[in-house]
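As written, the chains take the letters A, B, C, D and E, and residue 1 is the first residue of each chain.
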């Protein structure tokens, strides 16, 4: 999405350039979020689930039901409800979740770090393994290793994640006992540290609870590897295709003409260039992991955002759904921005 | 002339493709001393592939064979990868056609020159830097300091081409292959570039293979010319004698150009004789 | 592995929305309340007809049957250290009525309203209070209602300390604890965990220091955790998983009959289903025993009347079994010899989906084409409550241990119009039970338990014969647990699964 | 036929502003051929593109056949003026056969008799009917340029704008195309505007020419003057000089003409 | 290229020669020739051929499902004796919890899968293509507005949007398809836009403009065909994702209705028996895997043939 602008200009111009960029970004963020809210909000209202039941339950007498309905403001016209929601949302108040009774933001502050932790680790695994594999496949195009990477990647695209997840648990947890089971940390350790960031690995490490830390590691490793595998599948394939593209460029031949070693040609020259579009791919795959880990979270009893939103949706807990969607939307836009910035950093042509 | 710098005999480059095998270069032989050798021919006649085969940079499906392919007595066909690497860029260099594509877009020009230098000379960062700057100056760059830290997209085609030359000459090679170094440039700029190459040959005693499709240019710039057609050398002659070429192909090429000097109408066109390709 | 003094249960916890006894109504929250709060009255888990005082020491009923006087046990203390007195008990009941949340009707149905409850439920001494009813209800009915979790005793002092804007501590107690039960609630993280901890002030300290309920949605995950010993009890295993783990020498299973029944509701707005012959024919088109022996093995047993076993007056008649020929006869009589088409709303991802598919098969044998419409729990419910279904497969759980809870919904319908206030199951299926409504109302005030039981038997038979409900099975709850766990009690209702005496060897 | 007065073309605004053409005027008689020469980026192509509406006219006037052009150009304009592009590899749709490429203008303008006219157009540019169903990748560069010319001619325009029609081609092919253009002009009475950086090509085809630099007109001259080496302007001189090939020492350009 | 043709080692002749002729005599021959060249490029990639084989198999199986399947895909057997039987000579893939033959269900499920895949492709591709090309060709505020909308749909958690749509429209395979289609067009729009931006300034577009072609004509006749190939490649590569999303919806109970033998729904049921009665989930899971793999391999192969940039 990077809109490239010709370079040059003095400090004043550069300043103005960044100001326009910032303004543009704010507008993009605002309109995207507004669109997200609007779409979610109206979808939420046409969903044929009565949100009142979620609060009062099935057995509630009629008057209890009516009162709850009014408290939710469901008797107002749709547009008015939306307006009220927007006004509150602007002040950071996304209402309370019906299901958990907490303010939605509190819930998200709890659930999001769990997802973040998992997705980040997953992406790291995907990047660390996926890029070298992709490079190898590109350099040895058509060889056994290339086919292997291709099939590995294709399998990653095609295997249902819940199947792989359960099989992973069965083998590595139940049979082999190499990793800990579902959940973020064992109950024994869960009260040894105080949640600060809600990212268990960080919290335990910062508080020096190393036993708890290692326990958390052994819990996260399997789901993270699983997500990592899916991200690896994507990243390695994209790396391969970008590298093939770069390796066919004239400047690579020029680098060889200079007498550089093949390693240097590949890593310093081709990869540096392939890294530019790769950044976008990694950001995208990261965003996908952040939003798409619903099933993984279910299987690994991971109290993350994906589960939270799905669960809320099924219970017509619209405040929670809206809040969660907004957060994911914002993350998406933010990741876009970050990859945009990195893009600029890596590619002098867009500076 | 003593021992030739480059000795090529029966060089062949084949590409095995789906549609069959294409022989891009078919039995080219020549010897090169410390002189300017031009290779001309129309598009697809195998000029570039000849140049690349010498450096061992024929792209993947290609296959290179030759009776003899020796540089300064070193057999390039049997040389180890390591030897080839030290030769490449060190003693043989190549200036490529289009600076827009041949310079790494994400590295500054200075970095790329330094990299070339350090690949062959044990030198510290500062020494390499000085050398690079000196080189930029040698190719008549107006503000070497500034150009040093520019990225390829920030310089014009002419500057890029000169930077490319600087990069390829920083190691003081004995042989330079220049593959259409000026065809992407304006007439006025290309004259400047040629002047630089010319000086290098006459002052350093470097061997130069100058690939071009511009007969007029080659005849005025080089000492000796190889005329290629369909992968073969159809004629080899002194540049100044190009007007007296024997081969009908060379003659045709010379005549079909419009000139300011006289107004021929219609222009003579080339009637290809299948026999030329044999 | 789990610590020796801690019991860890894997359970689907995502339905908890409140821990306030005046509000909580879901199975999970009720069970937690049962282990952490004390109620006025309790019943014998083996024989539900035997009632005893829990916080109440004794009670008397006035001759006109309208006033009950309760004496409270002395010397009890809340977990907070505050003493438990009649003031707390009266406050708890009043609070439930005033807050008027979903379960409030269980107490409210005796004529208490926001405005009069402070007069009708009165503290008359430090350890004595009275309840004044609007009608002379059957005393057993009243007492059974007081066994439900809405009658839990909360710590008035503590709750009122946390009152805000006259909410009687509602917003605080939603997530906190103010009781006197064997365990205290230490922590609740929505969709993640509920942690109970031993209440040191409880008269009989629990063997376990801690009980942890972990939210595990996937049953397969629950199973793996159990087999690996990372949880002690798995609550939601399906029949196959149950069968598999029971082969494991480290694991045992415990089961108990529950008050829930599985039924198919037939909407009487559908002209075909409104024909009595069709209703009866469909009752002959379900393979009750095959379903309960396979799909619902260990989860339910065949039961066809609306009162679950163990309830006052419950009968266990099972007149229906799969009989395609008879069903075809009945359909022919109804003028539908070639069968007909109908839909059934089903909650996806639950046992009901499997049962529904089995029913679909047997219906088809008599030419009844059943189209299943899967939906989310809440989605199916919304449709059901709007009477937009043809048929629906659902489970009904008793709200309290008195037969009225089921009779009221299966056999009575005061107003069958579209905008009726009350929405019992009869209404939802647009069925007017005629004289049965009056009989149900009469049974509630019948003072003689035997006569009362007979009335309910009559009601059950009538609904069994003619009602728009294919009642199929009564629920069984099975817990799979590690061998070393002992003393986990599975009571007859969902709030009587007790862990207070559980221990691990 | 074609009259350009004070043409100015500006791209972008502010920091990105490029003054591609500044105040250029020239006039072309019907049936004449007019050349534009100059170094890369001097605005030659932009003048052509401005005439036919592919670049904005910021100021100035363009008259075709006595009438000022409208924006957007009407269909009648396109029947009068057509253009041939520099790169024969980029100017043909890679997925369309020659047949489809040539049929397109006819169908846009609702012309009948497409069949015959396509064959005739192919004949005119010296290609046989066997080329009709080929795809561009099955054609050589010279053949492609012929197709591009055929496409431009099929609507029978009066003016042909030629943007370096031979610079991407080999010398021998260039000769063929130049001969073709020469021939067509004579037979069809076309008016040409030819852009090239090769002075010899311009001199070969055109009677008059305009030398451009940095978007400005440097001088207008004739090919006769060019051949005699008479150029009043230094820049034109240096262009003439450079087109003679490489010279070791910098010498006055007139001497090189003999070689 | 001009110049002398380089001699080929062997000249094509006969049928091949006719197809590869540099001088086709008719539109048909030209088209067939192109197709043949593509086909040859395609068949040089054995994995792609395998992929094509799988897809053809899928189509055949779907067409002849009635003939192939030994049992009814919906009617179950005796719950007491035929339930959850492991794979055997009678029941090749075993039976499920309703005592139905899994093999027959998988066979019949191919129809649904094919239906999903084809319909999603037919809905999402044109939307994406149209939005992308219009946005890329016209630019300006049209581009801004369309791309903002695309962004919104792109930033939406995909499964959530699908879930919401299914919830709004009611469960069922058709609605699941619409939901998936609605969530899958944005990337296509982006690709088409990028492609369009690259070609909109090219000479051949300028050339048709100079012939007075209208904007719709240029977009439909000239821009769309060029975007199509990279889009087709992308769509084929996405097929696996589409099947899996459909499966995901089925998994959440929002896709096909029971007893429809939709693979995703079957896997979802099988999840309950995953550890001991592995075949219930594994068989339809394997089917999903094989078909996705087929589409992916095919897409990969097509990329080499159709996408001129990727071809080397």
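Heads up, the rule we're going with is that a residue touches a chain if its C-beta (ideal position, glycine included) is under 8 Å from a C-beta of that chain, and two chains touch if they have at least 3 such contacts.
Just so we're clear, the structure is a prediction, and the values are computed from it rather than from any experiment.
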item	value
Path length in steps (a step moves to a chain that is touched) from subunit A to subunit B	1
Shared chain contacts [subunit A and subunit C, defined touch]	E
Greatest separation from subunit B - chain, by CA centre	C
Chain centre separation in whole Å, for subunit E relative to subunit D (CA means)	46
Separation of subunit A from subunit E, taking each centre as the mean of its C-alpha atoms, in whole Å	25
Intercentroid distance (Cα basis), subunit E paired with subunit C, Å	49
Cα-centroid distance, subunit B relative to subunit C, in whole angstrom	90
Sites on subunit E at which at least two other chains make contact	1-3, 167, 170, 252, 271, 274-275
Shared-contact residues (touching 2 or more other chains) in subunit A	47-49, 166, 170
Multi-chain contact sites of subunit B, meaning residues that touch two or more partners	42-43
Residue ranges of subunit D in contact with subunit E within the complex	49, 52-54, 73-75, 77-78, 82-83, 85-87, 90-95, 97, 99, 104-105, 108-109, 130-131, 133-135, 138, 140-143, 148, 151, 155, 169-170, 172-173
Touching residues (chain side subunit B, partner subunit A) in the complex	52, 55, 57, 85-90, 93-94, 96-98, 101-108, 115-116, 119-120, 151, 153-154, 164, 167-168
Contact set on subunit E toward subunit A in their complex	47, 148-149, 151-152, 154-161, 163-165, 167-168, 170, 237, 240-241, 244, 247-248, 251-252, 264, 267, 271, 274-275, 281-282, 285, 288-289, 292-293, 296-297, 300, 309-310, 312
Complex contact set, residues of subunit A against subunit E	28, 31-32, 35-36, 39-40, 43-44, 46-49, 147, 150, 154-155, 157-160, 162-163, 166, 170, 241, 244-245, 248, 291-292, 294-295, 306, 309-310, 313, 321, 325, 328-329, 332-333
Contacting residues of subunit A [partner subunit C, same complex]	47-50, 53-64, 67, 97-102, 107, 110-111, 166, 169-170, 173-174, 177, 180-183, 186-188, 190, 298-301, 303, 307-308, 311, 314-316
